[in-house]
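Take a look at the following structure, please.
A, B and C label the chains in the order they appear, each numbered from 1.
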Amino acid sequence: MSLLEVDDLAIHFGGVKAVDGISFAVEPGEVFAIIGPNGAGKSTIFNLISRIYEPTRGRIRFDGQDITRLRAHDIARLGIARTFQNIELFDHSTVLANLLMGRHSHRATNVVQDILFLPKVRREERAHRRKVEEVIEFLELEAYRGKMIAGLPYGVRKVVEIGRALAIGPRLILLDEPASGLSVEETQDMAFWIEDMRREMGLTVLMVEHDMSLVTQVCDRVLAVANGRPLALGTPAEVQGHPDVQAAYLGTERAS
Amino acid sequence: MRVIFKTSYDRDIDLHEHGWERARMALLLGVMALLPFVLGEYYLAEAVNTLIWALAGMGLMIAVGHTGQVSLGHAAFLAVGAYAEAALMNAGLPFLVSFPLAGLIAGVFGGLIALPAARMSGIYLAIATLAVFVIVEELVILLEPITGGVGGQMAPSITILGIGFDRYGALANFYWLCLAVVALTTWGYANLLRSPTGRAFLAVRDSEVSARALGVNVTRTRALAFGLSAGVTGLAGALMGHYIGYFNYELFSIFISINLLLVVTIGGLGSIQGAFLGAILITGVPQLIAILRDNLKAGVGIDLSAVPGLDTLIFSLILIGFIIYEPTGLYGRWLKLRAWIELFPLARRDMFRRQKSYLKTERMR
Amino acid sequence: MELLQLAVGGLANGCIYGLVALGFVMIYKASEGVNFAQGDMMMLGAFVALGLGNGDHLGLPFVLAVPLAMAVMFCVGWGVERVVVRRIFGQPQFALVILTIAMGFVFRFVAGAVFGYTPLVMETPYGGQNLNLGGVVIGYADLIAIAVTIVLTVALWAFFAFTRIGLAAQAASQNQLAAYIVGVPVMRVNSLIWGLSGAVATVAGVLYASRGAIDPNIGLLGIKAFAAAVIGGLGSLPGALLGGLIVGLVEPIAGRYAPGEVAQMSPYILMLVVLLTRPSGLISQVQMKKV
């Protein structure tokens, strides 16, 4: 059974059909990419899956469960984590606090217990910290643990955001342009981490990406979209060779 | 610079990073507890006033500093707390029951307002709180049987286990009572900040959309924070009622709301310490002005008391100065100063330079 | 008949609320900030006009005093933006809220120090003259308030919709960096808008003063005008006027049928209802954050 099934998804902003009839299914353990030119509706698809936007029509199913009508804050508990195109970290907190925030969907204490800081709260905090330390080790963030986000370089922030998503302990992770703004070396690291997420953590990865070298390197299957409509679905090589995709995405000069 | 070797996660979870800090806190509390033996009646009363303002400031800090919800109407919760306390005590409840209950009433009231208001963001919430303030002010006049209407209300004197805590009869006792309330609240507040709830508050403040993606129910978190904020401010209101003794709606004017904002902004948004520094400033400056006024009159012959509204003007200018030159407030300035001393002589000017930033709208078109 | 009489007074009041609300909306449109000193700018404008025009002060003719006061307040608004507001560029929205509240207190202090705190009456050519229309008595001051407000609203709307500077101001409010890059002089546009709002506030102040006495605390009317702006929709000029008129009408009518406290509350209750049902006002703009 597919882990994530998107069926005939559409959202219209006024008259603009940002996403219009997109369907795909992501299998467990797969690395799946959505590509397309700017404004094709890739990030909108992410925002629909993470329930920030209300779809005009269509269904989203996760692990057999219909999540189309769930609220945005219920998504994390199911095991879906995401990152954002423009990095949405908590700028005035430390890296550690940001990662601990990722554990929020697992919290087991209420506000009264928190204010009194009962022994249970401390136990929970230690457990969260252990999980977060695993993520820190995995992403090699040890040097930045106590640093404020606001002072960190862009590439590190990008990694911290992925760390925060991993701290959720997800089964599916949505990466919105993980390589944008990264140097060639950093993009290479990203490729290895995505590989490791799949192999070591058993994660399923759904990503939006412009960098075709990263896509061909790590992805099993690719969906190309343009103007909110699907163009082609297949292996990276198949999709890249598809004439419609070349026309819409890679530029007409190569198609001619 | 001090280097701390952390050998367990508890070092990060504990309130204080090392024993010296804990000792300093205990020392401060000890000195505060000894104040009644040192200070005269007048200055002790001022110290009580400062404690009450610090309590109210902590209340507002939860909303403004830690969840980014600006309230222009927090005087309304002071009023709710004060009137609820007076009404409950007049109904015969002992202080130990009525006081927490007054805070609870203010808190529930705040939470109920915030639940729909939490869906609004930024400026709209500020406006809504302003509206709530005006409505509460008028309600106080309308609900004469409970509040005494325009005439006012008397806060009964406090007795716990036969010991008097009256503001006039036993000022030292009243001071210790306020100190205990403030100390407990500070402890609870600090606990909150190191717990999942406090992290959720910060998350909602810094990035609503990613808080949501991490599983934070933003509406409920905002309402909870605002409710807690109103509750703590309500406690301060209850104490303020006892401190003033006999009060009417004029005690809780819009200027009090503004002064509270001044406390948290000048003190330093997002830090508990800021609420205290702000409270010291707002209760201390009028004293300084009074002393200055007397000296000028006696020494130079200039009579400043002929200029009405001088206090407000000075507060306004201080506020404008801080917002322009030191938006992180007194506490932020202190942190920079401390960093400079610790790094001396290696600190560089540019370390604290603010980044240029641009306004980006949240509107889509 | 009585209701009609109340309505006329309410309309004139509403126009003044509307004009102050226009000032809020202009600044909001240009920089997405809210100027809580708008009410105090109205107060200051009224006092400047009074100081220029009244016989016991400078004694200039009314038709000269008002434009001069507008010019003075244009400079005050412009200067406030240049000297103070510009420096907190990029700080969170509420920094401007607190800053302008503090500035309002400074204005109030200045007016109080110069003119004192006893209510003063402005001398106008049309003061105290009435028109009797079949039992309904309408003051000339009311009529002029209504007429001036309508003309001014249309003019400002046209300014934002059609002129280069108006369009530039709108662009600047949506993304300052982008507007700056495409060549909009963001800073200069902002100063200009603050100046304009000062001039508009002066008109509101003069209209207010011609209908009654003024003292340095009339700036508190700004809060009510603010409610009006929110009811109409913070981003919309016609909305501001509509909100002002609604508040102006609701107040006397509520006062007629309910205790005075309820009348005092009515604008704010109305505002809360609008905020809860249509959070962006009656005439709204799309509000959503892009991620």
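The rule is short, and it goes like this: a residue touches a chain if its C-beta (ideal position, glycine included) is under 8 Å from a C-beta of that chain, and two chains touch if they have at least 3 such contacts.
What you see is a predicted model, and the numbers here were worked out from it, not measured in a lab.
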- Query: Which two chains are joined by the greatest number of C-beta pairs in contact?
  - Reply: B-C
- Among all chains, which one's averaged Cα position is nearest the averaged Cα position of every protein chain shown? B
- Among all other chains, pick the one whose mean CA position is farthest from the mean CA position of subunit A. C
- Task: Just give me the whole-number Å value for how far the CA centre of subunit B lies from that of subunit C.
- Result: 32
- Query: Hey, how far is the Cα centre of subunit A from the one of subunit C, in Å?
  - Reply: 47
- Roughly how many whole angstrom separate the Cα centroids of subunit A and subunit B? 40
- Junction residues of subunit C, two or more chains touched: 291
- Message: Counting only residues that touch at least two other chains, what does the list for subunit B look like?
- Response: 209
- Item | Shared interface positions of subunit A, touching two or more other chains | 52, 84, 88
- Query: Can you list the residues on subunit B that touch subunit C in the complex?
  - Reply: 64, 68, 70, 72, 116-117, 119-120, 122-124, 126-128, 130-132, 134-135, 138-139, 141-142, 209, 254, 258, 261-262, 265, 307-310, 312-313, 315-317, 319-320, 323-324, 327, 356-365
- Message: Give the list of subunit A residues in touch with subunit B in this complex.
- Response: 50, 52, 71-77, 81-82, 84, 88-93, 96-97, 100-105, 107, 109, 111, 114-117, 121-122, 124-126, 129-130, 164, 168
- Touching residues on subunit C, where the partner in the complex is subunit B: 31-32, 34, 84, 87-95, 97-99, 101-103, 105-106, 108-109, 112-113, 117, 173-177, 180, 220, 223, 226-227, 230, 234, 259, 261-262, 264-265, 268-269, 271-272, 275-276, 279, 285-291
- Item | Complex contact set, residues of subunit B against subunit A | 9-10, 12-13, 188, 191-192, 194-200, 202-203, 206-207, 209-218, 224, 228, 270
